[in-house]
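Have a look at these structures, which come just after this line.
Here come two complexes built around chain A, the first alongside chain B, the second alongside chain C.
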Partner chain A sequence: MNDTMNDFSFGSGFQFSGATIDNLEASEYTLVTIALDESGSISGFESQIEDMLKAAVGACFSSPYSNNLLIRVIRFGSQYKHQNGNGVDEIHGFKPLSEIDVNAYPNLRGGGATPLNDGVYSSVGAMNQYAESLVDLDFAVNGITFVISDGGENASVATAKMVKDELKKSVTGEVMESHLSILIGINIVTDDMRKRNPTYAKQIEAKVEQDLENFQRDAGMSQFIWAGEATKSKLAKLAEFVSQSISSTSQALGTGGPSQNISATI
Partner chain B sequence: MSTIKRPKKVTLEGYGDLTLRTADYVTEGGEGAIYRKGGYIIKLYHDAQKMQRDDMSEKIHLLASSLKHPSIVTPKGLVIDSNEAIGYYMPFVQGEAYPKLFTNDFRNQNGIDTLGVTHLATKMHEVVDYVHRQGALLVDANELNWLADIKDVRQPTPYVIDVDSWQIDHFKASVIMPSIRDWHGSISEASDWFSWGIVTFLLYTGIHPYKGNLDGYKPGELERRMKNNASVFLPGVRLNKAVRDFRIIPGPLLDWYEATFTQGERTLPPSPQATGKANTNLGQIMRVVTTQSGGLIFERLLEVPGERVVSIWPCGVVRTNAGTLVDVATKRTIGQTSNGRVAVVGRDNGWVIVEEVSGAWQWRFIDRRGTESTLTVPLTVTTILRSGERLFAVTESELIELTLQAFSKPVLTLGNRWQILGKGTRWFSEVGVSNILGAMHLIAPYGANAVAMVRTSELDGLTVVNAKAGTRFVVVVTVSHNGEYEEHRFAFDKNWKQYQYDRELVDGSELNLTILPKGVTASIRDDGELIIAVPFQGDKKVVSDRDICTNLRLAHIIDKVVYQKDGVLWSLGMR
Partner chain C sequence: MKLFTDHSFHIGEQHLRQGKPCQDYALSGSLGRETAYAIVSDGCSSGGMTDIGSRLMTLATLRALHEQIPSNDFATRDSDIARDTYLESSRLNLRLETKDLLATCLWAVVHKNEVVINVTGDGVVALEFEAGMIIKTFSWQKNMPYYPAYRIGGMDEPFTENHSDNLAPLTIIESVIVTPGGDVQLTNNVVTKGVSVREGMRGIVYTESIINTALGNLRTVALFSDGIEQIDQIETVSAVKALLSFKSVSGQFAVRRMNRFLQDVKKQGRGPIDDIAYAVIHSENKETDHVNNQTTEKSNT
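Right after this comes the complex of A and B.
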């Protein structure tokens, strides 16, 4: 922590940090969380995912609302269970974009199991709590959460109910004006595996997609997107999708949404 | 097909042929893809047939021939492919997106101030007026359709884009952003001015005029707020502290905003350059922070564009880092000072200002109309002492009260005198600490015309590094040989004959404390806590509030606690 960030905790043992609210200089903010699965199965795809993260966050600088964004980036994997935050490691807390150096992001290192519940619970719980702090001080706030994973839950402290409750709270409109939570599935079946045993590879792909889709539906996340293979070009498109979604969300907060047809009502 | 996959040769009307390449691609939206080539932006429609059906070629030609204004990014002509219009082109302009200009951090980083905003709003006013005179309507001139060239931050230039969506002749506009829409009327010149009002209000204040928290409305109920005229001017609206003080808005424009957004009036806005006092009462607009103890009210009192408030006097005058003296009540600049020490006291008809310039003290009186008179003090003054609205000259042997007399012109006369040991006395905020052969005394003016000289043996042998006095209270900070700072507090009876004393180790020499005329003190020692006390009664109360920080510099104006933070003056009160 430094004097521009404050530490918070919630749930049992979950922690996060956020910019000191007193230092914030805009009247409304879009909170953004990007959560990355860092379980063992992403091994071999780390650098592509890192590039995707850098591209997604970096592209936000060109948004008209770049000064209205507070971005948090976390990674989750069972290797983080023994540190604060359960299976989650916070790369940085809710921070103004201008204070983020994407080139300083740490390298990802796949390892351990997938505490997907922890990742989503940390993402949404922290956002709810920080948004409450902002709203208490009369800031207007909305939010968008991206959870990028290659597999279903198998190692969390947080329960499915905890995740569901936090997601429910995030969309009541009482705290944030709106909150969009997007689960993005990526396929990490390697070309080698596909060549050696195409049937098995297909089964794996289908299972991961189905598991994640079930998770999204059961937890109450807003959307599930199957991004497909974790190739460079697909991840580049994913980065574009993430940054555009962030831009649209911040525009929705500022203006109430895009221009609308006027013929029906005027 | 708007998104090209390989180099494509097209013809720009009035320009000639050029080849678009994939590297020229910028972005795409609902209607088409955007390319940049040299000094031009080229829009290729997704559906060239629809372009034909909508007679866009005719509209582009009409816009190009009707609108010639340096701030309007008018289409210059059609883009032709195989004798078919597939889009249009326009000049490329570079500018900052307006939402950035709404935020304080971007403004601070780029030196954008209220004068610059007024210039920008004036130019936008000219643009809207010009468009109307050409028989067109902008309709959807939301904040994303304006750009600002801020190379000269004092005179930024606006550009308005998305001109092909405008309403002109028989071509009707089809879309508008909900946040700038006049929900009380149809598309017209009046609705354009309403939209102009929303965007310029955002530029001045950083908040949409129908935002801020208001009981009875959920966050995000912008449309209902707009339909109900429930604007930020309503009493009870709570704004966060990033919102800029509405008082920076030129008076006539502020009144127009209030009438438009709250009263529902639809009139032509005044030029932002128009000056005059606002009639709009802003007293109810404040930031309220609920605290465990009931509530603190923070109200932004004064922000001087491009300058920072650095000194505050109880008479209600502040000095900025540029030396400007501003009367807080009227927001009027009353004079200019250099960088030396300054004291200001108020009188019924103006202010006495004393200023140290190159080691000499200069005295003047400025009346409320702004007339300045030089004053003379026939003394060799070593320093001056201000106590409330009383002013004293200090010489080697005397403390002499100065009185302003209103003859044909103002004159400072010498009033009561008190003997002091000039060389053994150190002067602090409203108090002197005198070392008379090792015996420490406090010298503190009190009441209308008295000065207390009180022996304080508690300070004997100690090194005094700071002190402050006010009604029936003196606090002195000392430092010991081992570097320990200690605060010594003296709470006096009403005649300053007896006192109650206590002491406490503190972190440093700083005294972030103010003493109101009625004897109430407000101080901050730690983040999150405001200490309110009445020392002569022994009362003390701690108000917890997360917005209280040690970097708020406390002072008072008359009987109101104020503070300056980041160069802005705020008041602080109990709910």
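Right after this comes the complex of A and C.
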């Protein structure tokens, strides 16, 4: 923590940080949150997911709106339950892109269960609160949230209702001009598992996809994208999709239009 | 005393519809320790490339003000002469015509305990004090304001001729608006003054103390182009008040306020019919007032 960032809290025990608003130089911002599932099932895929995160954030530097982005990155897993923020660990709060060093991102280490509610609640709740502070000071604000997970909810403090209420608040236009929330499902079935028991592997894949799709629909997230296997090339495409979506959201700022779904083939 | 500056300009509905550029321009910033400037220029719609004219006017004025720093005498007419020299030199270098430079010039400098204001043309000046606001509206008859470029282009005579039917073609309306709840009582709060064509052509220069005996300490000096008077469904005073209701004076505070204001007024009507520009100097006197550590220079980067 330093004097360029401020701490905030919301809900019961959720915390986040954001750039000191008085230091912000632009008049409008797109808030971006990237939430990564760090549960045990991503074991073996950590470095690919890290690369995807670095590529996605790194690509934003070439956006014409790079000076208008404030990016927050979090990871969620039940191993963080004993920390402040429930099942969520904030890698960094809402920060201007120029202050982000993607090479300083910590290594991911899969472990624990999946507090998906906590991940989404932290993502959207923090964005709502920070956006409200910005809007109060006449900043124009919109937002985009990416939650990348390989499995359904099984370990949260936040309830489904809490998640739904925050998401609802974020899209009514009362807080932000618009907000797009995208749940991205990745498939962590290994080649080895697929070879040993292809039927079971397929069943697992289908169940994860279905669970996540149900979660997106029930929670009221804007979009669900099934990215498929967590291979290097798929994750590279996912990174491209994330950075392009951020760019489109920035471009839409000021139009006052509702959030539009972004079509993706990953 | 800590000074914060910012400025904003926006195209009006008419120019947007006609595919013309915004012909208003504004600048603000620091001229050194405890000295800040604000400049606004409004290009004539029926002139030439006055979008360039208003920018050159603003930049030439800034250069001229910089030259006054050693003497700290901003109330002198020397800066007008220097401004016109830079303007003419730019015109010649760029092979522009006089009609391209037809633009008003309003500037203010806050220095030590006073604010110097210089108005050539039309527009609005607002001084916001702790307990109220003084708004001065400058308007020329026939909507035909004086532009410094007339002098440069030797067109003073036809301009005078055009206003020969009126002894005081420049009208200055001064309104004093006392903040509700303040203990200051003012009975006569609107004064209208007619100004002769010669006096108006010289430019109106006046100096105010940053402490008003009736209204307290100066908080904000703001200069507006006459676009502030042409916002659909919005009275000038309401528009001035709205554009000065800053919730914070960090970063691009005037840009943010203008953008939010435009969003709001477009819900009620067509928004600004003419281009609109404003430049602001905000002063904070008490340590407790400080919302941040930004300096004038930083706020305007």
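By definition in this document, the second predicted complex is superposed on the first by the 253 of 266 C-alpha atoms of A that agree within 3 Å, B and C clash if a C-alpha of one lies under 4 Å from a C-alpha of the other, contacts with A are read in each partner's own complex, and residues count from 1 in each chain.
We take it that contacts are C-beta pairs under 8 Å (C-beta built on N, C-alpha and C of every residue); 3 or more make two chains touch, one makes a residue touch a chain.
Keep in mind it's a predicted model, so treat the numbers as computed, not measured.
Asks: In the superposed arrangement, which partner chain does A:139 touch: chain B (first), chain C (second), both, or neither?
Replies: A:139 contacts both chain B and chain C.
Asks: Under the stated touch criterion, name the partner, chain B or chain C, that contacts more residues in chain A.
Replies: B
Asks: Tell me the contact category for A:178 with respect to chain B and chain C: first, second, both or neither.
Replies: The answer is first: A:178 touches chain B but not chain C.
Asks: Which holds for A:98: it touches chain B only (first), chain C only (second), both, or neither?
Replies: First partner only.
Asks: Could you give the residue numbers on chain A that contact chain B in one complex and chain C in the other?
Replies: Overlap of chain B and chain C footprints on chain A: residues 22, 24-28, 136-140, 256.
Asks: Using the touch definition up top, name the residues of chain C that touch chain A in the complex.
Replies: Residues 246-248, 250-253, 255-257, 259-260, 263, 291-292, 294, 301 of chain C touch chain A in their complex.
Asks: Which residues of chain A touch chain B in their complex?
Replies: Listed in rising order, the residues of chain A that touch chain B are 22, 24-28, 64-68, 96, 98, 135-142, 173-174, 176-178, 251, 254-263, 266.
Asks: For chain A, which residues are in contact with chain C within the complex?
Replies: Residue positions touching the partner: 20-28, 136-140, 256.
Asks: Once bound in the complex, which stretches of chain B touch chain A?
Replies: Within the complex, chain B contacts chain A at residues 97-100, 102-106, 108, 139-140, 142-144, 172-181, 186-187, 206-208, 211-213, 218-220, 222-223, 238-243, 287, 289-290, 547, 549.
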